[in-house]
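Letters are used for the chains, namely A, B, C and D, taken in the order the chains are written, and counting of residues starts over at 1 for each.
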Amino acid sequence: MSSKIRLGILGGGGDSLIGVLHRVAANMFDQFEIVGGVFNPNWDENISFAQKIGLSKDRIYQDFDTLIKEEVSLPESERMQVVSILTPNFLHYPMAKKLLENGFHIICEKPLTTTYEEALDLQRTRELSNCIFAVTYTYTGYPMVRQMRKLVEEGRLGKIHKIDIQYYQGWINPVIHDPVKRAATWRLQPEKSGISCCIGDIGTHAFDMIEFVTGMQVTKVLADLNYLYEDNKMDIDGTVLIRCTDGVKGVIRASQIATGEENSFVVKIYGEKAGMKWEQENPNYVYLMEEGEALKVLKPGHLYNSDLSLDGTKLPPGHPEGIFDAMGNIYKGVARAINGKPYDSGEFPTIIDGLRGMNFIEQTVASNSGGNIWMDLD
Amino acid sequence: MSSKIRLGILGGGGDSLIGVLHRVAANMFDQFEIVGGVFNPNWDENISFAQKIGLSKDRIYQDFDTLIKEEVSLPESERMQVVSILTPNFLHYPMAKKLLENGFHIICEKPLTTTYEEALDLQRTRELSNCIFAVTYTYTGYPMVRQMRKLVEEGRLGKIHKIDIQYYQGWINPVIHDPVKRAATWRLQPEKSGISCCIGDIGTHAFDMIEFVTGMQVTKVLADLNYLYEDNKMDIDGTVLIRCTDGVKGVIRASQIATGEENSFVVKIYGEKAGMKWEQENPNYVYLMEEGEALKVLKPGHLYNSDLSLDGTKLPPGHPEGIFDAMGNIYKGVARAINGKPYDSGEFPTIIDGLRGMNFIEQTVASNSGGNIWMDLD
Amino acid sequence: MSSKIRLGILGGGGDSLIGVLHRVAANMFDQFEIVGGVFNPNWDENISFAQKIGLSKDRIYQDFDTLIKEEVSLPESERMQVVSILTPNFLHYPMAKKLLENGFHIICEKPLTTTYEEALDLQRTRELSNCIFAVTYTYTGYPMVRQMRKLVEEGRLGKIHKIDIQYYQGWINPVIHDPVKRAATWRLQPEKSGISCCIGDIGTHAFDMIEFVTGMQVTKVLADLNYLYEDNKMDIDGTVLIRCTDGVKGVIRASQIATGEENSFVVKIYGEKAGMKWEQENPNYVYLMEEGEALKVLKPGHLYNSDLSLDGTKLPPGHPEGIFDAMGNIYKGVARAINGKPYDSGEFPTIIDGLRGMNFIEQTVASNSGGNIWMDLD
Amino acid sequence: MSSKIRLGILGGGGDSLIGVLHRVAANMFDQFEIVGGVFNPNWDENISFAQKIGLSKDRIYQDFDTLIKEEVSLPESERMQVVSILTPNFLHYPMAKKLLENGFHIICEKPLTTTYEEALDLQRTRELSNCIFAVTYTYTGYPMVRQMRKLVEEGRLGKIHKIDIQYYQGWINPVIHDPVKRAATWRLQPEKSGISCCIGDIGTHAFDMIEFVTGMQVTKVLADLNYLYEDNKMDIDGTVLIRCTDGVKGVIRASQIATGEENSFVVKIYGEKAGMKWEQENPNYVYLMEEGEALKVLKPGHLYNSDLSLDGTKLPPGHPEGIFDAMGNIYKGVARAINGKPYDSGEFPTIIDGLRGMNFIEQTVASNSGGNIWMDLD
């Protein structure tokens, strides 16, 4: 019998991009075995997808409730230990809640839920359990993002005075200007996507990155969101002025109409002793600008990096690893947690991070609709 | 007798950086001859500087008023035709006004004046004259900035939907955190520097760049400025939400506490058909991101560039020209204007651009002090 | 029963880097199931490694001969279908030969063998079989390397006139200058590593890349190799002048003493209509320089790429994939071949490529020892 | 009377690129006054060019011999002190020789002469004079090239083990493939251009850069030159294996058929303690790769640079200076030398550098025509 952690998957079937990302990540360190799940609400597609990825159909279930019912009836040594939730956002909350109530560890895609209230309830539920609850802010799994966190922690930047995060994409540009196309895009339908498109989808990554890297909290927001057309109900661009712990000022800029941009997530943090930059599209470089010294470019796998960073690199310097490897690192951390081994708090984001992200989304939208006014986060 | 344009210079003596920039620029195309000026209020330093740069002392004057008096008494064929004003900001207004009243063309450093009111008065004075009045927003002289202007004009970007300009420096970081040092820095003294440090010095470049490149006007601002310390009276960082013509949204980010940044002036404009980027520190590249196509990198000197851009390049592609060359291009345009030759409106910024810059500074500061509220520009 | 291809692995246990690379790659597209192998000559380490990566010990064998014996005795539906050879170089030949003779498909690390003669024999053996034989020149699996191949094929470069390949590393610098350390390094011991260190290990990648991308053959070499110290028997740096099909000239530059370089594999091909560049450390960019046009930067996942390139990208543009993904693409191609599905010849290198690589190594070393003279390849 | 150095110019009229480069450079530091010269063999063009650049026609001469005759007849305090030779290559030798014999300092474009023999004679002539003789290997004037020289001098790289210089252009590609065009290009006519096109024009820059930066000498060459077509008499591409002082190995790669390349002059030097890179197209960055440390990027104007480097930068960091500024630095050094002030030997290349360049060109061509054999330099 395999000693791997037994993993179930909800969603991620068919051509799902998030599906392949999680499967590759789960397999990356030989720590997980995918034992079953519900990949698709349609049974035929569900079962044929399971076969396509080489699973036996024994533990491919009709639906989520059946999965719970059947799995809890299995002996503990066979039962799924952790379940990855890759379904549409509105299903995260009910699924995660029931999984927690039945003692399953969870790896959940972001955003955690569709409302802050749901997120609060989920967090309370988790506190009553012993379950690990990871939220896949994937980018925190990059070795050089981990290194940025350590640089701040070690005081290399000194007191932080300025934060600037960009997350620019252009994918919605070919859709947004055509009334028919924009009406047909689910991301632009509040009933399917919640109250925010751009801030909810990518602005939250920017928000989480700030808190992950700096250890500070975002405390206030003043947002200027962009809907472009009157009949468009969802923000597709926005600039958010922020205040962090101790009144530190900053800005989050997110866009899906930045034509030609792909996935330009850029982190800039400036402190009294140094500034620091990182770009997701070239994730293996941290630019450290120490006052009065030559610019330093830190790269993965070198011994000058922290243990947390080095743990996230598999090959020697110069062998570029990417986003699959970042997600793999998050799964590796979750495996350590599930196996009761010591791990660094930077190895994976938790439900707390997911909860704060929901708080951010709601207050950002409220700031904009209130007329670009300051709103407090909890 | 030389056929060159007779140029006088006010300020820019000693180790002045702006001084060498203007002198090299003036000499670059064999169009100007520096005939005299007042380089320094101290007579000994004035005269010794003049000698150092190889000028005869005949037309080195005691002070500005003497210069005016003596020069107007010279026959027109000998008289200075144009005067470059490189003095501290508060002297721009009185000097420029008197020069205009005496019929001299002017090349003036930015910011144009210390208040919007002065700027308005100066503009009215100029309208009554026939004088050319250039304001040296130097960066508009780069061939690839000129090319960006033409790309927008030609419709390569389509309708613009998003503007993002960054101007980050870190030079004030070693000063600002020390109460003694910051008290001793003239840039941080309102009586010497006006109402704004960061926005006044570099935010205005960002503002001007938007209007230069896009042809749109900035119509509203909401600013969040940063003073860091209670005893500091001048902004040293700020984020400004903007509205442009037709309600187009954008953001200007300026900082002097972005530790380790040198002169990171970055322009990003996104339209319906394409996005576009440019960075001052590597000024010979425009990144054109057309929807669905490979990223294009445009470089100076190639025939695919506009005439306006090509006119700003002296050597074949691959021979990098820099900021001295950018300023040289502005002087070249001014020479054409003075000589009554045809020139493109993109060849040099005028008093109108300087005036608008003052409007921007005042409304930005007002927005911040009013509690981060929207303010209209004229 | 899983429908996955049954994969056995030879070598790659313990901390082997090549081991994790192959395992992640094999799992990447849900096409392979690792069923057993010999990870380590030491039985205890072998078995404990197998457990660590979650394998049952049923098909972990004492040694290679036992593996062959036991596997051939299994019913065809259970037997390993393909075996990955990740052992030290000198074992490639005997293992591959016996595997072929027993009808196993092979995925073999490069260099194929330790001598050209062995390689020729292996190639003859393979011709008598029906076995797929892939040689893992990993870098050919990058989507943008595949795109380069297609750009040449489509004639975008026109007739090629100049080839320049660099493969610079600095890893041996801390070893080579110390007589004790260099004597203790197995890579520098001919009995363990064959006749060449630098050319054999990385020069061959450069050689293969030329033939993969251009479709031309390298026909002659004139090499200047560098041993640095008299007691060092293995080249650790070299420049190789080359002639390709139709007399096209070029150069291969390889080094392991390029201090500070990590894995700087750079491809430059210049043709009559365009030039083209690619860098392994930032593998998601191809720079296409067409005569008289703006530089184009091609990136993965865009529809302007060829099918071969697009097949190698899992996520949308801007989500960087890396070297694990490149190796995953090679395994994906091998899976198609084993499953009898159609595939492009660019999907994985074969024994022919491995054979040519051995020819290159031997002639390069001969050229140098002969006094930097031209040597012909077969 | 101006205290500037009196400069005469030979050649560089009309649209000459080298002409504007030298004039801007001469004016850059207020050290030179152009007093006259012979810009063009055609008198009308000569005189109209002089007027265009604002010179009085008094000292514009009919031809070179007249210039010598008239200038030597002037009192020493009025006579030209230094003459810049910007004429076609074959005129360098006779002009320079006569100038030396008449006691003029010289700034001469490279290549110094058309043959090594001429260069030797010129060098002997100069030794009998007290004249300063600068040869404008312009690229040595870049602040970061100067910094590289100092880094080597200070031992930051340790003992050098590997040198790799690239100088790739693509300009001849549109010409070379057309028999009519290539026959009509003067650069490809031996009677006008000497024995080498590519090596003579740009290979020499690469050669000089090695000796300037490392302080070592190139002692042997083995060249593989490329003529592409039988009727083409001049090399337009080549790779040169080199040996330097103490047998250090390296390679010079030069091309004019590297389609799409502009002026890609790249320096890579690897030593025992560090490697170092620089690219002419982005000249304000030196990449210093110290063993085991983060990559450092050195930029101009910072106090961590040497005096020699800092002397070559006019504005603070982040204000890019370019090739005109590099040439300006060379003129600045020559001014110091002429004025009898102390200067660093790195401030400008001399006739010795020009002489060695001629030696390199001749031996490189001889190596190739001899069948790619090793040739010794003096």
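Throughout what follows, a contact is a pair of C-beta atoms (placed from the backbone, for glycine too) under 8 Å apart; a residue touches a chain by one contact, two chains touch by 3 or more.
Only a predicted model underlies this, so the values are computations on that prediction, with no experimental measurement involved.
S.K.: Could you find the chain whose CA centre sits the greatest distance from that of chain C?
M.R.: It is B.
S.K.: Between B-C and A-C, which chain pair shares more contacting C-beta pairs?
M.R.: A-C
S.K.: Quick check for you: after a Cα superposition of chain A on chain B, what is the rotation angle, between 0 and 180°, in steps of 5?
M.R.: With C-alpha atoms aligned, the rotation comes to 180 degrees.
S.K.: How many Å are there between the centre of chain A and the centre of chain B, using C-alpha atoms for each centre?
M.R.: Averaging C-alpha atoms per chain gives centres 43 Å apart.
S.K.: Give, as an integer number of Å, the spacing between the C-alpha centres of chain C and chain B.
M.R.: Distance between chain centres, rounded to whole Å: 55 Å.
S.K.: What whole-Å value do you get for the distance between chain A and chain C if each is reduced to the mean of its CA atoms?
M.R.: It comes to 35 Å between the two C-alpha centres.
S.K.: For chain A, jot down the residues that touch at least 2 other chains.
M.R.: 261, 288, 292, 295, 299, in rising order.
S.K.: Applying the document's contact rule, which stretches of chain D touch chain A when the two form their complex?
M.R.: Touching chain A: residues 288, 292-299, 302-304 of chain D.
S.K.: Could you pull out which chain A residues touch chain B in their complex?
M.R.: Those in contact with chain B are residues 157, 161-162, 164, 166, 170, 173-174, 177, 222, 224, 226, 228, 237, 239, 241, 249, 251, 253, 255, 257-261, 268, 270-275, 288-292, 295, 372, 374.
S.K.: Okay, in this complex, where on chain C does chain A touch?
M.R.: 1-4, 17, 20-21, 23-24, 27-28, 30-31, 33, 51-56, 169, 171, 261-264, 280-284, 299, 314-325, 328
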